[in-house]
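Mind having a look at this structure? Questions to follow.
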Amino acid sequence: MSKTENLAQHLEKLHINNMYKNDFYWTWDKTDDELDAIFTVADALRDLRERNISTKIFDSGLGISIFRDNSTRTRFSFASACNLLGLDIKDLDEKTSQIAHGETVRETANMVSFMADVIGIRDDMFIEEGHKYQKTFMDALDEGYEKGILEQRPTLVNLQCDVDHPTQAMADMLHVIHEMGGVENLKGKKVAMTWAYSPSYGKPLSVPQGIVGLFTRFGMDVTLAHPEGYEILPEVEEIAAKNAEASGGSFKKVTSMEEAFKDADIVYPKSWAPFKAMEKRTQLYREGDKAGIDALEKELLAQNAEHKDWSCTEDMMKLTKDGKALYMHCLPADITGLSCVEGEVDNSVFDRYIEPLYKEASFKPYIIAAMIFLSNVKDPVAVLRDLEKRGDKRKEV
Amino acid sequence: MSKTENLAQHLEKLHINNMYKNDFYWTWDKTDDELDAIFTVADALRDLRERNISTKIFDSGLGISIFRDNSTRTRFSFASACNLLGLDIKDLDEKTSQIAHGETVRETANMVSFMADVIGIRDDMFIEEGHKYQKTFMDALDEGYEKGILEQRPTLVNLQCDVDHPTQAMADMLHVIHEMGGVENLKGKKVAMTWAYSPSYGKPLSVPQGIVGLFTRFGMDVTLAHPEGYEILPEVEEIAAKNAEASGGSFKKVTSMEEAFKDADIVYPKSWAPFKAMEKRTQLYREGDKAGIDALEKELLAQNAEHKDWSCTEDMMKLTKDGKALYMHCLPADITGLSCVEGEVDNSVFDRYIEPLYKEASFKPYIIAAMIFLSNVKDPVAVLRDLEKRGDKRKEV
Amino acid sequence: MSKTENLAQHLEKLHINNMYKNDFYWTWDKTDDELDAIFTVADALRDLRERNISTKIFDSGLGISIFRDNSTRTRFSFASACNLLGLDIKDLDEKTSQIAHGETVRETANMVSFMADVIGIRDDMFIEEGHKYQKTFMDALDEGYEKGILEQRPTLVNLQCDVDHPTQAMADMLHVIHEMGGVENLKGKKVAMTWAYSPSYGKPLSVPQGIVGLFTRFGMDVTLAHPEGYEILPEVEEIAAKNAEASGGSFKKVTSMEEAFKDADIVYPKSWAPFKAMEKRTQLYREGDKAGIDALEKELLAQNAEHKDWSCTEDMMKLTKDGKALYMHCLPADITGLSCVEGEVDNSVFDRYIEPLYKEASFKPYIIAAMIFLSNVKDPVAVLRDLEKRGDKRKEV
């Protein structure tokens, strides 16, 4: 039996009727079966592609991407996913088109979506803004579709907001599942999601939030570690705690990197901005207080600099399980002695893990494609089987 | 009988032999049958898409878009139309490629068109320049095709020039036809194309020109209203007058918004720049007179500010037929109390018409697709029927 | 027998097993048969397109383009070639994504290539840098493919580096072959690759290098002419000399434009930067010495200005074979009295050769497509025949 047929049989058993025509904002909106379905379809699409079988489910149609923050990796992952399924990509560049929040979002959302099947949005810069923007955008499309303005209701893939970064966290988890030899081997594994020092400023909180919000669902012991002041959104901590309870794992918070790394199977050391500062920054931007923003930036960099010992050094790695924890990062990392003088991780550590790090990243296009697939196809099992049966070549050989 | 078959039978009766391999500059270049064909094909393409039937007539090929002015709506409409028919879109960004007029246009036109089936150009900023640029570009492609440099002669879709904005005017008219329940119901309808105050500066004249140049062909009573100094191109006024005479309608000019709105079935209040000022601005740009341009801008804004009473208020709407005229706009509008302090239209009026406004916009991708279809397909009736008969799915479901 | 079948029969006789899954850096890396194969496939793809036969060999997949220098012509040629074969194009814009050399190149290369079948890179600004960047990029993809990070190993098309500009030189040569009525007529033809004055600064050396490196392989008498100080890379001169010897032609260097033009069948007058200056500029950029760069620019422009007599005037053209040599240029040219006061070529000369110049350029998309075809298809003869046999229409007619 082919791998894809195996996966199709697994997919058949899942309760996923709610995914069709639905958006993907946060992993904690989704049931376990729905997340399982995404992993399953991602693996199936990858299997088909490896076997040079076309996975185009769209003959035409657009994937609209909106990046309100710089991006290379996610931009190419979204473009790759769209291409894999047969969609053309069209970037909405807000600098030239001058879009603001509120009423104009409603209008723009409809104006760019006449032929859109998928919308991918990254908006992670400001606490309380990113998710709101995505929600406003998609609500406008609901209305447009109901009123017959749009022939179809495009579905959302959240490419990172202020709350979650689901395509990252899901790709990370699929990587972990493969590294650990199956989801059944995750129970009891110790995960350290920890803050790390970086000379840069203002990185979003959505990666640590996404990781603790998702990884706690698999019966693992998840530790969130950061210096005082670098808290994440309290509502996400609550979600993580509830997840852990439900899955038979645990979730705890510590203020020491060493404690988190101790005996860890998986470490995810990464910089992010202090929560309070992010809230303040949002306020300063709203007020257009340029001087205030500059002053805040200086203050934050000084605050960061007090925690240079939060770094994934060789010594730190020795604390982990057999000194061989799986090192993870969403990339790009700030690498000590390579991209900066002092950063998140030692060059020798990073270099040793390059292969798994790139593999980790390689799941993202398939995760995004699976999200699009499951929200656009009514009977995903039948369509997967049909693609395999038809066996159209992806490329001539 | 399907809607598409109905439309195909209507299309069969029209004399449209001249459309194949031809460009679309202005609506008044085209016969009534040719415009009818565009509306008909637009409706058919929309019908097929609604029924999830592929309308790809290109297996490969490029649609080249050139935007010499900012654009979101038209940019996405052109991209959507190309995608609907199977063309990839490639933007020619002039800022990076540094293209000028004249000889270089001839060269660039050929260099970017080796695989191009369609060229879409917006060049609306300068009186006497926009159309000239499009003409120079397409003449160069004629030559390139004749000499065997290009394997095909791409056709033009004018995405707005200094004279006409045909994709806008045609989408607007198709909206009117649908709202009024058919083209046969347009005779005697009263249309008010009026200037409106906006705090912005220098909007092109091509929308009012396009509207009076097209709407006068349907037996309607079209009134053009604007303050002194905001005249449109005299040659377009002449065309409108001739059209009205031929179609059994009327065309008149007034200098009062109230007069135009009185008993109107359709109102189209919109800001545009004073004609003389646009001519002067073109001259100043040619001379590179930056100070002169700045001075002119101040002068114009002051001139605009004398006409703040030209606004589509609730009171103004009450003057229209049963107080319920169809409000139209090409979007984005300057909305009083929403996007500006005083603008083209009251927020409450605009908000009441959001649904028809978005519908109006939704016709543009199909109008553009119909223009491309009719200029690229020799026997459009046969191809429409063939698409329906084949019934290839646009997307898996 | 069709032209394509004729070409397929010729292709069948060539030894080209080494092309599959291989990169294209420099023409001198390739055997005569391999270059012949590219010309042959380019002609076949053009024949099929002329006959409205689809040449899509990819059902999905991405062509990634990276332009580290401005480009319109090559950018559109690459996009056209990808489109012709069924690939979507995705530009990696380095300004927004902030990519540097070294380790980050390795990472970025993998991150953008998950669905990439082809990578096209232009990096021609700095001596000793352009090729190195391409090599680093592709080596990283080798590693990524071996380690299972990438499902496929994308192949490179060098869109211009500091050493060669193979898509230009190959398109130029295919043009010459067609103009001369076949490759068998090239023996003994006299070619003048000469420097010409231009008021601009710092044009890459890769065009003259590419031309002498390639044209010497066809038994022609190639003369490289330039003022003192405008030498090209010595290793490329050596290659040209060896090629000439092997092919029964000749390669010589002169310091007089007149001497090179005398009795020439083909002239290619074009500006480039002095070699030593380019080396110095690279060093200044490495050191970030802005003042040094500005000073160097002034110095170079002054040096250039001493050689204004190196221009392809009408008088100069009279020296050539019957006064009718084939004038070639990669475009855009600096045209005396049109785009500049004094430039590379007289307006009247340039204007007389516009048709062949545009034809010359028209081969580039097909050359690039042939390179992609031959590096992605295992049995190119069978695939060409299959495309013709299937006869899928490129567009409805």
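Lettered A, B and C in written order, each chain numbered from 1.
By our rule, contacts are C-beta pairs under 8 Å (C-beta built on N, C-alpha and C of every residue); 3 or more make two chains touch, one makes a residue touch a chain.
Every value quoted in this text rests on a predicted model; they were computed, and no experiment measured them.
Student: Is the contact between copies subunit A and subunit C built from the same residues on both sides or from different ones, judged by whether over half of the numbers are shared?
Tutor: Subunit A vs subunit C: different; shared/all numbers falls short of half.
Student: Just send me the rotation angle from a CA overlay of subunit B on subunit C, rounded to the nearest 5 degrees.
Tutor: So the angle, rounded to a multiple of 5, is 120 degrees.
Student: Mind checking the centre-to-centre distance between subunit A and subunit C? Centres are C-alpha means, answer in whole Å.
Tutor: Here the centre of subunit C sits 41 Å away from the centre of subunit A.
Student: Which subunit C residues sit where two or more other chains touch them?
Tutor: In subunit C, the residues touching two or more other chains are 88.
Student: Considering the complex alone, what residue numbers of subunit B touch subunit A?
Tutor: These residues of subunit B touch subunit A: 46, 49-50, 54-56, 70-73, 76-77, 79-80, 83-84, 86, 88-89, 331-332, 335, 338-339, 355, 358-359, 361-362, 364-365, 392-397.
Student: Under the touch definition given earlier, write down the residues of subunit C that touch subunit A in their complex.
Tutor: Residues 57-62, 88, 90, 92, 96-99, 103-104, 107-108, 110-112, 114-115, 117, 144, 147-151, 376-379, 383, 386 of subunit C touch subunit A in their complex.
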